[in-house]
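Some structures to go through are shown next.
The same chain A turns up in both complexes below, where it pairs with chain B and then with chain C.
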Partner chain A sequence: MKFDTVIIGGGLSGLTCGIRLLQQGHRCAIVSSGQSALHFSSGSFDLLNVLPDGEAVTDPRRSVKDLIRMSPCHPYAKLGENKFGELAGESEAFLTGIGLPVQGDSMENHYRITPMGTLKPTWLSASDFAVSKSERELPWKKVSIFNIAGFLDFYPRFIADEFAKMGTKSDIHLFSLPDLDYLRRNPSELRSTNIARILDKESNKDELVRILGKVALDSEAIVFPACFGLENTNILAALRKAAGKPVYLIPTLPPSIIGIHTQQYMHDYFIHLGGVYMLGDTVKRADVEDNRVMRVYSYNHGNIPFNAGNIVLATGSYFSQGLIATRSRVYEPVFDLDVSYNPGREDWYNRNMFDRQNYQEFGVKTNETFNALCKGKVIENLYVSGALLEGFNPVKEGSGAGVSILSALFIADKILSK
Partner chain B sequence: MSISQPNSAKLFDVIIIGGGATGAGVARDCSRRGLHVLLLERYDIATGATGRNHGLLHSGARYAVTDRESAEECIKENMVLKRIASHCIEETNGLFLTLPEDDIAYQSKFVEACTMAGINAQIIDPKEALVMEPSANKNIIGAVKVPDGSVDPFRLTASNMIDAKNYGAVVYTYHEVVGLIREQDRIVGVKAFDHKTKETKELYASVVVNAGGIWVQHISEFADIKVNMLPAKGALLIFGHRINNMVLNRCRKSADADILVPGDTISLIGTTSSNIPYDQIDNMVVTPEEVDTLIREGEKLAPILNRTRILRAYAGVRPLVASDNDPTGRSVSRGIVLLDHAKRDGLEGYVTITGGKLMTYRLMAEWATDLVCRKLNVTNKCTTAEETLPGSREKTEDINKKIVSLPAAQRKSAIYRHGDMAGNLSGNTEDDNSLVCECEEVSVGEVKYALEELSVTNLVDLRRRTRVGMGTCQGELCACRAAGIMGDTDKLCTKTAKEDLAYFLNERWKGIYPIAWGDTLRESEYTNWVYESVCGLKLLQKQEGQDEV
Partner chain C sequence: MNLQQHNISDNNFEQCIKCTICTVYCPVAAVNPAYPGPKQAGPDGERLRLKKSNFYDEALKYCINCKRCEVACPSNVKIGDIIQSARIKYSKKKPKLRDYILANTDIVGSLATPFAPIVNLALGLKPMKSVLDVALKIDHHRTFPKYSFGTFESWYKKQADKQKKFKEQVSYFHGCYANYNNPQLGKDLVKVFNALGIGVQLLRKEKCCGVALISNGLIGQAKKQAEVNMASIRESVLEKNIPVVATSSTCTFTIRDEYPHLLDIDTSDVRDNVELATRYIYRLLSITDVKLKFGKEKIKVAYHTPCHMEKLGWSYYSIELLKLIPNIELKVLDSQCCGIAGTYGFKKENYKTSQDIGASLFGQIEASDTDYVVTDCETCKWQIEMSTTKRCEHPISILAKALG
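This part shows the complex of A and B:
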C-alpha cells in the first residue's frame, strides 16, 4: 500500500495533519486504534493558560516568548514565537473552514465554564458552549439551568452556587422524557451518549420546547448539559428559536458529546477529502534504513507493509499508548524512539495529585522540525505530533490542544514544502 | 443518648479510645454487659492497623512453629468469627507452599506444630494443590492445607460498632483525644478535640480504656505513663482482580511478601517489615524498593502477579509492644497486652489494651471488658463469642427475598457488603438503582443509605462503607457522582463537597503513585485530565491527613 504520507494515530493531531495534507492534494492514510483523548474534551481547545512559573496568561501570542525562555524543549519553543502566532491564527481559520464553528482567538483567552461551575481560561470553544469574556463574572444576571432527572454526570447545584458567587442568579429545572424513562430502567444507561441519542431525536423536539416553557421570564439564557449534537446539530437552534433567548451548553463528565462529535466530524471530513482511515488497526513495527522509515507494518495487515514518503506519529501519550511506562522505563512502542524521562521512578510523580507531575512532561525527543530521534539520530521522514512530544505539561500549562493542532499544521506544511 | 453540651459533665461508665477492631470490640462487649459506653476515634473507624493489613483470617498456622500461644488463640477466634461474623468472612482455606528453594524438612515440623495447637493442617500432593489453586507456582514441592480465610476488617469493625450502638453505646468519630483528665491517682475522663467543629470537649467516665493501637504510647504520655511501642511498618499491594481463591503462604519462617490473600474482588500481597521511629507512625510512604520487593517475592507464590495490574500500595504499622521487664525495650511481646495501670503504675481508672492481632480483637475486648467490669463490680458475663453480629444474622436467601426488586448484580454486591443490613435498600426506586460506581456496583440508593444511616461525613468515609472508588478506576467518575449526590442531599454544601472531592482524589492518588506504570498510569493520566483540566478542580487547602487505605 503506497501513500504520500501515513499518519499513525487518529486523534485531534493526526486528523488535523491529515485533513491539511489532503486539502493540498496529498495521498494520505490514517491508522487509528480507536477512540482518542477527544472523547473527554471540555468542548474547548486550550493554547496556553499558565506559564511554567505559575503566571497566568491572558494573551498567548504575547506570553509565548516567556514560555520559550523558560522551557527550551517545549514544542512551542521549536516553532518559535512568530510561527506560533502564525499557526495559531491559521488554526482558527482551519477549524471554521472545515465546518467546526468555534469562538475565541489566540490574542485573548476567554473563559469556559467547567462542569464544577468555575471559569477556566481557554483559546477556542465550540460555538454552542457558554463562555465569558471576564474571569470574574458572567454575561448574564439570571439563567435557567436544566438537567435530566437522575443524570449523575452533570451538577446543576455546583454550577448554580458558583454562578451565584459571580453575581448570576439561577434556577434549576429537572426534566424527563418518556424515552429517558426507558433508559433509566437500566442502572448504567443514563449516561451522556445515550441521552444525546434521545435529545437529538426530532421526535422529542416538541416535548423539549414544551419543557422550556417553564423558564422564568427574567432568565436571560438557558443552560443545558452538553448532551446534544452527537448526530443531529439542529436541535439547539430550534430550542433557541422557541425560547426566544440563547441556549448554551456546559460540559458534563465524560464521555464528551462535543468531543465525540468533533472526532467523528473530522473523520468524516478526512474521508470526504479522499483520505483512507483504517480504524481498529495498530501499527506494530517498522523497517528503518539509513535514518529513513521504509515500511511500517500493522496488526491487521500482517506482512503487507505501508510504503510512504513520510510518516507522522501522532499516537498520544500514556492514555492512548503512544508512550508506555513500565516499572523501570518509559518507551515509545512502535519505533523505540528516544524518550526523555527521569530514570528513577520516584522522580516521576508528585505526592500531591494536583501538583506538577513530571511524568506528564516525558515524551519523544525531536529536532527543531519535529523529526523523531532514534539513538540520537534524526529520522528524516518521521515526524512526531501532539501529546507524544517531550517538554510540555498539557495540564499545568493548558496547552494540550494547542500543541496537538499547531504541531500537526507545522508538520503538514513541512511535508508539503518538500 | 447523645451529649448535647460539649462540656457536659455527664458521666459514662467507660470511655474507649480508638475506633479500630479492638476499640469497637470493647465497645460492643461493654455495652452488651450493660455499661454506658462512649467510644472516641480521631478519624473514621478502622483507619489504623485495622484497615491496613492483609485482611487475613488466620488459622494460626503462621504462628504455630514460633508462637504456640498466639496460634492457639488464633484458631479459637477463627472458629468464633466464622460463626458470629459470617458476612465479613470468606472461608477460602489456605495453602502453605514449599518452593524448590525452601527446606522441605520445615513442612513436617510445621504440620506437627499446627496439630499441637489444634489447627487442622493436612499435607496434600502438590499436583492436587495446583488443581485446588491454579494460580500457585507450578514448581512447588510441597503443600499443606489449613483453615485460613479472609476477613473484611472494616466491615467487622463497623458491625461491632453497630451492635454496640444498638446496646446504647455512643460513638464519636473525628474526635481526637488530646488529654487525659487526672484527679489525684485516678483518670476521670479525657479531653477530645472535635475535628469537625474544632471544639475541645471534656468527657468523663469511671474507667478509660486506651485501645489506640500503636498510638497507645502517645495517649499514655498525657498521664505521664510509659508504654513502649515498637512500630514495625508493613507495606502491601492490592491487585486489580482476584488472582487466587485460597490464601497462599510460604511454608518457611516468616519473611517479606509471603502471604497472598484473596478478598472480595481483589488480591493482596504483603508484607514487608521495617522498624520505624515512633515519630513516623503517621507518615506512611511506600517506597519503590518496597514495591519491587513485594512483586519479586510475590511472584514466587503466584507467577501471574508479575503480569497483573496493581491498584494500590499502602502501609500500616503493627502495634508491637516492648516487654515491660526488658529495660532495653528491644524484646517484643507478640501476644495480647492488657495493662491495669492501677497495678502497674498506681493510677486508677485507666486500662490499656494493645498488641495482639486483628484475629484476636474479640478476645482482647473480652479481657479488657472483664477488667473494666471487675473495677465497676459488674458481674454480667461476656456474650460476644456466642451472639452473632448485625449483618450476619440472616441467611443470604432470606436477604435476597427482601431486596428482590434490585438488579441482580447490585443485590449480590449489597449483600456482600452489608449482609442482612442490605434489607435497608428494599425501598429503592428506579432512580436509586442508577449506578454511581460501575466497578463495584454501588447504586444511588446505597450511597443515600450510607449517607443517612452509616455516619458518613465525607467521600473517604463513604468509600469505606460502600467501596465507591475502590475498583479498577479508583474513583475516576464515581467520586464526582457521589460528590454530586452529597451536594444534593444537603449533607455537605456544594463548596465543601467539591473540596472533599479534590481531597478524596488526592488520597486515592497517594496509594496509586507508588505503583503508577502501565495501565495504572494510563488511568491516572486520564483522571488527572478529567478533574484538573476539564473540571478545573484544585486542592484548596493542603490537607495533610493520614494516607487512606
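This part shows the complex of A and C:
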C-alpha cells in the first residue's frame, strides 16, 4: 500500500499533521490503535500556562523564551521563539479554517471554567464554552445553571459555590425529557454520550426551549453541562435565540462530548480530503535500512506493508500506549526509539499526586527538526509528534495541546518542503 | 517471577483503565438502555465474575459481537471476546427451537434448496410471516433471503475439471450464503479468479463457519463444524500449498479469529493463508504485473463497511479494487453498523434495536445517488435490502460485472 506519508497515531497530533499534508495534495494514511485522548478533552487547548519555575504565564509568546532557557529539550525549544509564535498564530487559523470554531489568542491566555467551577488559564476554547478574561471574576453577576435530573457527572452545587466566591450568584434548575427517562432504565450509563444523543435530536429542541422559558430567569446567562453538539451543533443556537441571552457550556466528567466531536470532526475532514484512516490497527514492526524507514507492517495488514516516503509517529503517551513503562524502564514499542527517562524508578514520581511528576516529562528523543533518534542515530524520514515527545510537562506547564498541534504543523511543513 | 512484569490476564482485561471509550462507540448501548454497555459487560463485569460466577448478567445477550468496542479501545483490551466468552461460560439460557432453526444454516439450507421455489413462495407470504412471528418470535418485518434452486456446490461440480486446468489455484470457502442462497456470488468469484489466470477449487468438506451457532449458544455444534473446516483448510494450505479465499467477511473473521478466541481451536498454522478474496487479489495486483481488463460502462456505487471488516481492517482492499473500474463513481459511506448482526436482527425481541442501530446508515444510503450499495457481508446486504430502497451487491460481483 503506497502513500506519501504514513502517520502512526490518529489523535489530535496525527490528525492535525495529516490534514495539513492533505491540504497540500500529499497522499496520507493514518493507522491508529484505538480512539484518542481527545475523548477526555476539557474543550480547551493549552499552549503555555506556567513556567517550569512556577511563574504564571499570561502571554505565551512573550514567556516562551524563558521556557526555552529553563527547558532546553522542550519541544518549544526545538521550534525556537520565532517559529513558536508563527505556528501558534497559524494554529488558530488552521482550526477555524477546517471548521472548528475556537475563541482565544496565543498572546493572551484566557480562563476556562472547570467541571468544579474553578478557573484555569488556557489558550483556545471551543466557542460555545463559558470562559472569562479575568482569573478572579466571571463576565456575569447572575447565571442560571441547568442540569439533567439524575446526571451524576455534572455538579451545579460545586459550580455555584465557586461562582459565589467570585461574586456571581447562581440559581440551579434540574430538568428531564421523556427520552431521557427512557435512558434512565440504565442508571449507571446515564452518561454524557447517551444524554448528548438525546439533547441533539431536533425533535427535542422545542421541549428544551419550553423548559428554558418556563423558569423566570433574571440571570445574564444560562449554563448547561457540555452534553450538546455530538452530532448536531445547531441546538445551542436555537436555545440562545429562544432565551434571548447567552447560553454557554461547562465541561462534565468524561466522556467529553466536545472531545469526541473534535475527534470525529477532524477524522471526517481527513477522510473528506482523501485520507485513509485505519482504526483499530497497530503497527508492529518496521524495515529500517541506512537510517531510513523503508516500510512498516501492521497487525491487520500482516504481510502487506505500508510503503511511504515519510513516517510520523504520533502515538501519544502512556494512555494510548505510545510509551510503555515497565518496572525498570520506559520504552517506545513500535520502533524502540531512544527514550529520555530517569534511570532510577524512585525518581519517576512523587508520592503527592499533585506535585510535579517526572514521568510526565519522559518521551522519545529527537533532534531539532523532530526526527527520531534510534541508538543515537537520526532516522531521516521518521518524525515524532505530540505527547510522545520528551522534555515537557503537559499537566504542570499547561502545554499539552500546544505541543501536539505545533509539532504536527512543523513536521507537516518540513515534509512538504522536502 | 515478578507477576507485574507480565500481562497474564485473558484478553488483556487487566489493561482496561475504565476509560469508557468502548461504550461511546457501542452501536447497541447507543440505542438500547437494557444493554449495560461493553465496559460493564466486558472487562468491568469480568472482575466481578472472576470473584463469583453469579455476577453474570443475562443482558449480555444484547451484545451483537460487532467488535467495534475493540476497534475503539486505546488499551488493546479484547472487549468483544471477553463478553462472548462470558456468555459461553456463564449463561444459563438454553437455545430455543427458533435459535436452532436460525443457526443451523447447513441443515435448513440442505432441506430448503431442493424445494426452493415452494419454500421461497411460502416464506414470502404475509400469513406465514405472522405465524413465524407468533410461534417462533421471528419478526414479521423480516424477509428470509431466497433459497437457490440448487446449491453452488452442485453447480461447481460441473466446473471442477475445467478449473483444475489452471496452473495457479485457490481454494474457495464459499459459506452458507453463496451455497444455499446466492450461487451467483460463487460464480462471480470463479469468473474473477479465472480472469487472473487462477483456478478455483472447493475444500474437501466445508461446513457452515459456525458464527450463528456461537452467538446462539450452540457451542458444541460450532466446535464440531470448526474441526471439520480446519481439517479441510489444513489439507489445502499445508498439504496442497493452496491458499484459501472467502467472499464473506464474517466467515473469514470467524475462522481466523473466533475459532481460537472463543472455541479454543488453534488456527495459527494456517491463519495467514485464509483471507478475503479482495485481499488476495489486491496483494496479487500490487506485487505482480497481472491486470484485470474492465469495460467502460458507468456505474455508481456506495461502499458500506461491515463491522467485521472494520475489525479486520480490510475494507481498504475492497475499495481499492472497486477503484480500478474505469468509470466507477465510488462513495464510501461512514463506517457504521447496519444493525442486523446476523441472526440477532431476525429475533422479534431485537428488531427495534436492530433498526435503531441502522437508522443513520439507512438515511445515508437513501440520500445517496447510487446504482448499488456494495458490501462484503451477506447479512449487511439483507439488512440494507430490507431497510432501504437500494440493491446491495458484493464487490466481487461488481468486479465480475465490470469484466463483461
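Everything that follows uses one rule, which is that the second predicted complex is superposed on the first by the 414 of 418 C-alpha atoms of A that agree within 3 Å, B and C clash if a C-alpha of one lies under 4 Å from a C-alpha of the other, contacts with A are read in each partner's own complex, and residues count from 1 in each chain.
Definition applied: a contact is a pair of C-beta atoms (placed from the backbone, for glycine too) under 8 Å apart; a residue touches a chain by one contact, two chains touch by 3 or more.
Values in this document were obtained by computation on a predicted structure and should not be read as measured data.
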Contacts of A:V247 with chain B and chain C, given as first, second, both or neither: neither
Touching partner for A:I19 - first (chain B), second (chain C), both, neither: neither
Contacts of A:L152 with chain B and chain C, given as first, second, both or neither: first
Partner chain in contact with A:V276 - chain B first, chain C second, else both or neither: second
First, second, both or neither for A:G400, with chain B first and chain C second: first
Which of chain B and chain C A:T193 touches, first, second, both or neither: second
Touching partner for A:A372 - first (chain B), second (chain C), both, neither: neither
Partner chain(s) touched by A:R185 [first = chain B, second = chain C, both, neither]: both
Residues of chain A contacting chain B in one complex and chain C in the other: 37, 40, 184-185, 188, 254, 319, 321, 326-327
Complex contacts: residues of chain B adjacent to chain A: 285, 287-288, 291-292, 295, 407, 410, 430-431, 433-436, 438, 443-444, 477, 480-481, 484-485, 487-488, 493-495, 497-498, 502, 505-506, 508-510, 513, 516-518, 521-522, 525-526, 528-530, 532-539, 542
Chain B partner contacts - residues on chain A that touch it in the complex: 37, 40-42, 46, 114-116, 118-120, 149-150, 152-153, 155, 157-158, 161, 184-185, 187-188, 190, 251, 253-254, 256, 317-319, 321, 324-327, 344-346, 348-349, 351-354, 357, 359-360, 394-395, 398, 400
Sites on chain A touched by chain C in the complex: 1, 33-37, 39-40, 182-186, 188-189, 191, 193-194, 197, 254-255, 260, 268, 271, 276, 278-282, 298, 300-304, 319-321, 326-327
List of chain C residues in touch with chain A within their complex: 2, 4-5, 17, 19-21, 23-25, 29-30, 33-37, 40, 70-76, 272, 279, 282-283, 286, 310-314, 316, 332, 334
